[in-house]
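Here the chain labels run A, B, C and D in written order, and each chain numbers its own residues starting at 1.
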Amino acid sequence: MSTTPLHPSKAADTATFDRVESQVRSYCRSFPRKFGRAENATIFDVDGRAHIDFLAGCSSLNYGHNDPDMRAALVDYITEGGIAHGLDMHTDAKERFLATFEEKILKPRGMDYRLMFTGPTGANAVEAALKLARKVTGRHKTVAFTHGFHGVTMGALASTANSYHRGGASSELAGVDRAPYDGYFGDGIDAADMLAQMLDDPSSGFDKPAAILVEPVQGEGGLNVASAEWMRKLEAIARKHGALLIVDDIQAGCGRTGTFFSFEEMGISPDIVTLAKSLSGMGLPFAMVMIKPEHDIFGPAEHNGTFRGNNHAFVTARVAIEKFWSDDAFQKEVQAKGDHLAARLETIADAHGFSTKGRGMMRGIDAGDGETAGKVCRACFEEGLIIETSGAHDEVVKVLCPLTIPRAQLDAGLDIVERAFAAVCGKGEARDAAE
Amino acid sequence: MSTTPLHPSKAADTATFDRVESQVRSYCRSFPRKFGRAENATIFDVDGRAHIDFLAGCSSLNYGHNDPDMRAALVDYITEGGIAHGLDMHTDAKERFLATFEEKILKPRGMDYRLMFTGPTGANAVEAALKLARKVTGRHKTVAFTHGFHGVTMGALASTANSYHRGGASSELAGVDRAPYDGYFGDGIDAADMLAQMLDDPSSGFDKPAAILVEPVQGEGGLNVASAEWMRKLEAIARKHGALLIVDDIQAGCGRTGTFFSFEEMGISPDIVTLAKSLSGMGLPFAMVMIKPEHDIFGPAEHNGTFRGNNHAFVTARVAIEKFWSDDAFQKEVQAKGDHLAARLETIADAHGFSTKGRGMMRGIDAGDGETAGKVCRACFEEGLIIETSGAHDEVVKVLCPLTIPRAQLDAGLDIVERAFAAVCGKGEARDAAE
Amino acid sequence: MSTTPLHPSKAADTATFDRVESQVRSYCRSFPRKFGRAENATIFDVDGRAHIDFLAGCSSLNYGHNDPDMRAALVDYITEGGIAHGLDMHTDAKERFLATFEEKILKPRGMDYRLMFTGPTGANAVEAALKLARKVTGRHKTVAFTHGFHGVTMGALASTANSYHRGGASSELAGVDRAPYDGYFGDGIDAADMLAQMLDDPSSGFDKPAAILVEPVQGEGGLNVASAEWMRKLEAIARKHGALLIVDDIQAGCGRTGTFFSFEEMGISPDIVTLAKSLSGMGLPFAMVMIKPEHDIFGPAEHNGTFRGNNHAFVTARVAIEKFWSDDAFQKEVQAKGDHLAARLETIADAHGFSTKGRGMMRGIDAGDGETAGKVCRACFEEGLIIETSGAHDEVVKVLCPLTIPRAQLDAGLDIVERAFAAVCGKGEARDAAE
Amino acid sequence: MSTTPLHPSKAADTATFDRVESQVRSYCRSFPRKFGRAENATIFDVDGRAHIDFLAGCSSLNYGHNDPDMRAALVDYITEGGIAHGLDMHTDAKERFLATFEEKILKPRGMDYRLMFTGPTGANAVEAALKLARKVTGRHKTVAFTHGFHGVTMGALASTANSYHRGGASSELAGVDRAPYDGYFGDGIDAADMLAQMLDDPSSGFDKPAAILVEPVQGEGGLNVASAEWMRKLEAIARKHGALLIVDDIQAGCGRTGTFFSFEEMGISPDIVTLAKSLSGMGLPFAMVMIKPEHDIFGPAEHNGTFRGNNHAFVTARVAIEKFWSDDAFQKEVQAKGDHLAARLETIADAHGFSTKGRGMMRGIDAGDGETAGKVCRACFEEGLIIETSGAHDEVVKVLCPLTIPRAQLDAGLDIVERAFAAVCGKGEARDAAE
């Protein structure tokens, strides 16, 4: 790529957006281009310029943009007049998805869950999961964690930790007792033991919870990683106190960490799992709640929604599973790519005295503060790389590229990241610059 | 059609659904077939049998299943590699939708709104609208109405009146003062005057609301119709007390009542309008909040969501508007069809001493009780008609067919309804039977 | 009395109050004197001037200030070293009160209740009653009424209708569905039938309540009077829907309406009754919840409080009951006095085109607006009468004198009221003046 | 005292209580006698038997039962016809209290507060404090602590940690973020630093609080003692984040810890202080909120209550302050007595391998578990000593005797405690027995 800026921000004509769209729009501010086509890890703007996508729809595009097999299957489905909207009626597309998910995902992992299709957003899946946990237990409180992100509808938002999003409620958010995530208080302090103490103590002020709601990796919260041991402790705490363990695998699931579920090698068995984002495989709106059979007690339509069960998504989601999860080839490839990503990020971080965070293909560099991380991302975008920050202070430069990104393009993107850090932080003087 | 049942319930093999899908599934219980293809008002099951669709995705398919133009545009878009998932970045597909909506919908109606793309469910749009109204006003309570339905996520559910859905929260639903809908207490009593009295009275116990949230026609609530005068009173009450008027046009909008917005001939100017269901035109998940410019005060991503701005839906929604709303031909056709529907339902209802309800192409027969209405719907399904009930007691047999249904098919469907009422209620003896 | 103002406001030295007491103080603003002694219906300021008391501690002094028998008994008790503070231990004073209340109040009325001594405020009794009703029913919502007043602690305040007091919470007040009080929507509309319709309707948005909480006469709300028929309807509604009927008799009880309980001739049997204010007889802090035996299910100290069971109050409350409720003489006297009061108020009201409100010795004149009523009260105070307003707009001039007030003093006070109305409203020109 | 049980539980005739009083009664179950008179630290049952009072109305009787000077003043006041109930009007009794409190308590300590008289319960004072803090800050959340006890009305109860009392709400308790009290997580962990981290972190899930509500010593929570350093940290956190610091000194105040306020030697300046319990001096219901002048922003009667400003209590409270707080003699006596108490409890605890807790005259022995502590208290009562447990598991035997208890009687009581521990735990074998 040329070193002259390929993507001057003035180029895009955004008058229509400025005139008609709400101020709530956000990513378009970081990436002020007008985009048209996309293929795997490349997004093209309407002027034909290619951008490497290290954001991937916030992990909604684990298999890249417009996977050819999914695209072909979806085009065939539409062309044949397949039902697009069928409420929650039985459809052929749904049946094939159910059978495939059972066969390729659940059975090989020895998992037994019922699948609930909620409104096609992660937040809706979280809302359903929380409602169900309260119905199962007859309790109303949930334990959620520092830096957790679970969506911004009122039920989910009460569990979300971020104050900017919480403030958007302009109302009291109730029903959650907040506990520290793994490592929150530093190395010497076991956050799970703290939660255990609070729940064992009848006078701690923590109520017996309906559920403990946790992300094995906190994507929005800054790529914080929970250890398997910590997750097992959470499970034990939940069991001891009659609470359900809900794993929110919306961002970390669907292969992002190297296995289909981010928790599957942790030796835990969640009562409820939420999935969305990459579940459809092609970025179509789709969400699902996995429920242990004994907890599958919602009455018909007790939680409902017009778009529950998106048939287009059933088609692409089935193809995604058949294509990528029929054997362990993809999983091994992702793990290897994740190791490579880790190594390269370590090198970049070390050069500036920063540290890396994350797991699998969900990794980033903690740049110390949001200003630095923001400058790095802007510098990347000038070179044609779409990349974002996360964390409480937006201090983590986060790589969430498609898992299917070609190795060369991954390296090209990381080269841009490396140059951007150097440009922003100087050579090995980052710490000083940041302080 | 033959009078022998075309659709014996035993025919469908639902073993996969029974084994893998959650018990929460609902419509599949009323229509125990396995469906595959669909075209306009006809749904085909996998055995090739045709069903007339008088449910239309609960008004999500106002333009029928798989409109050929939308389908073609979507296939083209996918084939060309158009971006499916772009978060809320600027995309070509979004820009074209914005421009079209502005040109064909807003301008001709003299409306000035900013469009906010929320998570692609009606509930999410309602959540965003309520949060915004609270932010604008600095208040936390909302007025919502008897028989209102606004979704089942916690913020929306607090406004939803139905006790079955409310019970699903297994938690306290706060923040709503409940007012009677137009006509709720019978003819002599003006429900808007009651609300006015409550809000004028500093000791009524009703708090000054952030918003008054209302559906001009209550679809789920039993096809209750608000008069224009009543809606104008609500607007005046909202203005007087500094509350925003939020019109939830999710089910009644997009042409269902004969005009694009159900309220556009009422002489009101809502502060916020929510749209979803038929907005995408083809049944794809899509939702939008229309906001008066002066209230467009959310910060970037203050309300967010991974699937906000579904690009496939931008494509089909644009085609829907261009095709059906470029002139008044479709509107007139719908109005005429609605009159025809009204007349035929009147005849059927009269024959059994029942009454009709609704407006435009959103009409039904109040069968007095849920048992009768349920029997009628089951009898209809035996003859190949998909139709559902609504109302507090599921007592209304509700016709929500595509607005694009051919006249002959509409009549064929209504013939089935007529026969079903006769079979269930006898000839003109309904009242006796029901009592 | 002289016609020259006896009580110029400048006389009292309130420097200490101004310097040390909080701005929240209130009645001292209406009656800017410094008071010292009091006897029956007369309060003396420190300068020795006598004021007639038509406020009576907001009905906390039904037997007047410093009844000689209560005073003597209390002095004896203190002198003998009787326990003042005994938590909820068994004390002699409590036992004697329990036995007397059982013998003189419960038995003659055929009532069977358990007595719970809460923290010695009416609000605390209401809080306990609501908590108990939720525990008994397993539900969380309460129905409360327009213009109801039940205290300002958070649980009670949610039921209180007044917006000024509600605003003092600076927080969301949840858990209450608000229903119109008897007559709220005017003569033609039966407010109880409305509530019945809301609760019968599974889609009204009203949740099945734990309790219906009602004052038979709304003292703070403006002397609104519920009819016996309406109260019986409420009881029937409560029974039908499995809710408890809680009668808040804090202001209207203890003889204020002419019988010990304000509801005892209504043919109802509340599940819970709250009492406070005049229960101690002498104005000492004291509150009680009466509970039907089958609902007496709080565990030991599940609702507690340091000052539950004020032993000084047990002593005076016992004397009050023995002295005034051993036979029906006092009751008859109060009823006769109430009739007299009613007649005189009618005359005054009629002279100015106003109407009267209330029941028994809890009556007033609706002066149309708060400004007029306030002027009347200020004019009264200039003549040595302590009297206050109530109602949503402070529009009711309220007579709450001791039930024991001598007839001549009652008339003297009413003469002042009459003159004040004449002075403020002119002679029979009130309506014009108010408009 | 004799070793034969002086107080067989069968002796008291409790039939009236059993028949008429609610099951919620509690302390009478631990001390099943019927009590009549009391004097300083001695309570006499109706059969004339003397009991030493180590409970003192849960610290409501710091100056003992029926102090002769208070008693005399109160009898005089009543005899002279002093106003008992005056709402919040200016009374002579109130003025004298205000002036005395200002002169003897505030001025010598360099404190500037406005005094608000709430409903006469500690819970009511806490409710008022929380409402005020929300009004001042415009925020709705409060930080409260593990093992905190602040009362059981809904607003206060949300802050109370004890699950038994919280359960009594039978409803969701919202508005509180729970933080660990000083020492909660053990020696190495600074609980204030944790809170600081949570509030500094915009994505912790803790909302910016209106107030931090804390007891310097947690009486009900198990005699947990906060260090001055920790309290200063809390104050600094509150200041940094714009929250008010509310010190709940209801149980620990009024001299219990050796100074009038429990925090006065800590170098902090709370925004709000709540007092109740021993404030009246004689156990009369009385509560007060001290407010920094700049926060004194409640409107007139915005928080109100019929019994705010108990005039009998004004009289006795004034005498208490004049008598005990005019110089430092009492304070020194209490401190010396507290040291003695500490030493004797250490000896007893050491003998059984237990530890002591508390501060000043608010101390106890942690008996390891509730069963042991309960046995000790029952054994004490058999010997004529009234003493109770506290703590999350009722595991602390708590000495809360009057501060005025004669040294000999204190020792007599402690002898009983010592014998009871020996009887229950054996000689030095406690740890084994408890395990």
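Going forward, a residue touches a chain if its C-beta (ideal position, glycine included) is under 8 Å from a C-beta of that chain, and two chains touch if they have at least 3 such contacts.
Chains and their UniProt names: A, B, C, D = Diaminobutyrate--2-oxoglutarate transaminase.
Note that the structure is predicted; figures quoted are calculated from it, not measured.
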Give me the fewest steps it takes to get from chain A to chain D if each step has to go to a chain it touches.
1
With respect to inter-chain C-beta contacts, which pair, A-C or B-C, contains the greater number?
B-C
For chain A paired with chain C, centre-to-centre distance based on mean C-alpha positions, whole Å
58
Averaged over CA atoms, how far is the centre of chain A from the centre of chain B? Could you give it in whole Å?
31
Using Cα averages as centroids, what's the distance between chain B and chain C in whole Å?
49
The positions of chain D in contact with two or more other chains are 140, 164, 171-172, 174-175
So, in the complex, the side of chain C touching chain B is made of residues 140-141, 144-148, 160-164, 166, 172-178, 180, 184-185, 188-189, 194, 197-198, 201-208, 221-222, 391-393
Enumerate the contact residues on chain A facing chain B in the complex.
12, 14, 16-17, 19-29, 31-39, 43, 46, 55, 57-58, 60-61, 65-66, 71, 74-75, 78-92, 94-95, 98-99, 101-102, 114-117, 119-124, 127, 131, 134-135, 138, 140, 151-156, 158, 164-165, 167-172, 174-175, 210, 250, 276-277, 282-285, 289, 291, 296-307, 310, 312
In the complex of these two chains, what residues of chain B are touching chain D?
171-172
